[in-house]
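All chains are identified by letter, namely A, B, C and D, in their written order; residue positions are counted from 1 within each chain.
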Amino acid sequence: MREHPFKVRVRYCETDQMGVVYHANYYLYFEETRTDLLRAAGFAYADLEKRGVFLVVTEASCRYRAGSAYDEILEIRTRVEDVGKATLRFRYEVIGPDGHARADGHTDLAAVDARKRPMRLPPEIVARLAVL
Amino acid sequence: MREHPFKVRVRYCETDQMGVVYHANYYLYFEETRTDLLRAAGFAYADLEKRGVFLVVTEASCRYRAGSAYDEILEIRTRVEDVGKATLRFRYEVIGPDGHARADGHTDLAAVDARKRPMRLPPEIVARLAVL
Amino acid sequence: MREHPFKVRVRYCETDQMGVVYHANYYLYFEETRTDLLRAAGFAYADLEKRGVFLVVTEASCRYRAGSAYDEILEIRTRVEDVGKATLRFRYEVIGPDGHARADGHTDLAAVDARKRPMRLPPEIVARLAVL
Amino acid sequence: MREHPFKVRVRYCETDQMGVVYHANYYLYFEETRTDLLRAAGFAYADLEKRGVFLVVTEASCRYRAGSAYDEILEIRTRVEDVGKATLRFRYEVIGPDGHARADGHTDLAAVDARKRPMRLPPEIVARLAVL
């Protein structure tokens, strides 16, 4: 599937006393990029929630290659790796301004309704993501 | 009113590249301490929300005296400074392990219902906080 | 002084269970906007730190007018309100996509060296900010 | 190896608009627990950094089983799963007040010096962790 690029600039608050981005904050970049990919695919995740479809993260992982500094512009390259009936897998790669990988990871998401019960993904979403 | 003490230990993620706690994170300590004070006063804020009473922050301020380091145990001393019919003011002082002030501040909170409309504080809460 | 506009999009992680941006996270927007204003004024704060000049927040305040939702684009309007020999005051206004104020606040910053001792702001920075 | 238990209480700021802990925040609990385990093993990670030994996260993963609510007390059970010459693997299990698993995960850490070059773990640390 096609890679969706998105850029974030590292905030001061995202660094820690090692002088680089705190490891868990890459998941914030993943989340923002995922939202942007879905928007590019034609639907806003915020609207999905208004319709009663919530995507919860069921698994996440990240490998850290090199630190990212405050104020750097990072490119997050995201792909929808797998589209199931009720689940999605996104894969991310974080590239620094030097062109080198800083981190890569994945998140699995599952569709649940407003009461947190598993549900199927809306078919039009599956269709849209499948052709990305 | 009486001072309520509470201790927090600085997490790594709360520091920034200056090697001290990122300024906005003191509000997290304020929030956790406020919850603890309310519990000591006899009610859990989580229960209040279940009853449809939400306390929203309407104003907050903080003065920063000295930096706080990773893994330090900070004492947050909190007082209910003012109890109105629909509002509360909390005042906080953050003391480092050296006994010196690290920061002090205040937050104003207002009661709203589940639809975010202003409402009065439940009388028993006003009563309990007034005698603190 | 002139107002500097900057836009942020609310991340999911910045909301809390009330369904709006957690109050302390507005300071993250203030910080990112401040960095952007300084860049527009001709210098990167990251470079300033490399030269051994650190701007620490000595005071901060925020008034909250209305909640901001996930995925909303907020405009942060920032002005340098005061330029002292060693201190700066920034003032911020957060405007929602509906044109209404969501929050406003200020931060005071003081220049310190790498060992956290007070120092004067570099004169060229004072000059650049004074003409904003 | 022996399991090290540690309790955290969920802060309001750690929830998101789904009403549960934001997924990335479990890594904050992992970090705080890891620090506590190291302290129980006889050394403070803060001191390790002062000696010029930094432990950087090189890989992290988490599976999410069930949501955790604001103000809940979570027990984080941590084990040192592997002690290498320059690396450590920690494994974590998060248990809710109902006794059910909320999440589990791992983090790999590697020792680096102040200039971020790989180095061996101090032998006395390897020795202490090996007997846990």
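Following the convention adopted for this analysis, a residue touches a chain if its C-beta (ideal position, glycine included) is under 8 Å from a C-beta of that chain, and two chains touch if they have at least 3 such contacts.
Because the structure is a prediction, the values reported are computed rather than measured.
> If you tally the C-beta contacts, which comes out ahead, C-D or B-C?
If we tally the C-beta pairs in contact for C-D and B-C, the bigger total goes to B-C.
> Which chain has its C-alpha centroid farthest away from the centroid of chain B?
A
> What's the distance between the Cα centroids of chain B and chain D, rounded to whole Å?
Each chain's C-alpha centroid was found; their separation is 27 Å.
> For chain B and chain C, what's the span in angstrom between their mean Cα positions?
The answer is 23 Å.
> Using mean CA coordinates as chain centres, what's the gap between chain C and chain D in Å?
From the centre of chain C to the centre of chain D is 33 Å.
> Quick check on chain B: which residues sit in contact with 2+ other chains?
Correct list: 12-13, 17-18, 24, 27-28, 31, 70.
> Please output the residues of chain C touching chain B within their complex, sorted ascending.
Residues of chain C touching chain B: 18, 23-25, 27-28, 31, 49, 54, 56-64, 67, 116.
> Once bound in the complex, which stretches of chain D touch chain C?
12-13, 15-20, 22, 24, 70
> For a test of understanding, state which residues of chain D touch chain B in their complex under the given definition.
Residues in contact with chain B: 9, 11-13, 27-28, 31-32, 35, 44-46, 69-71.
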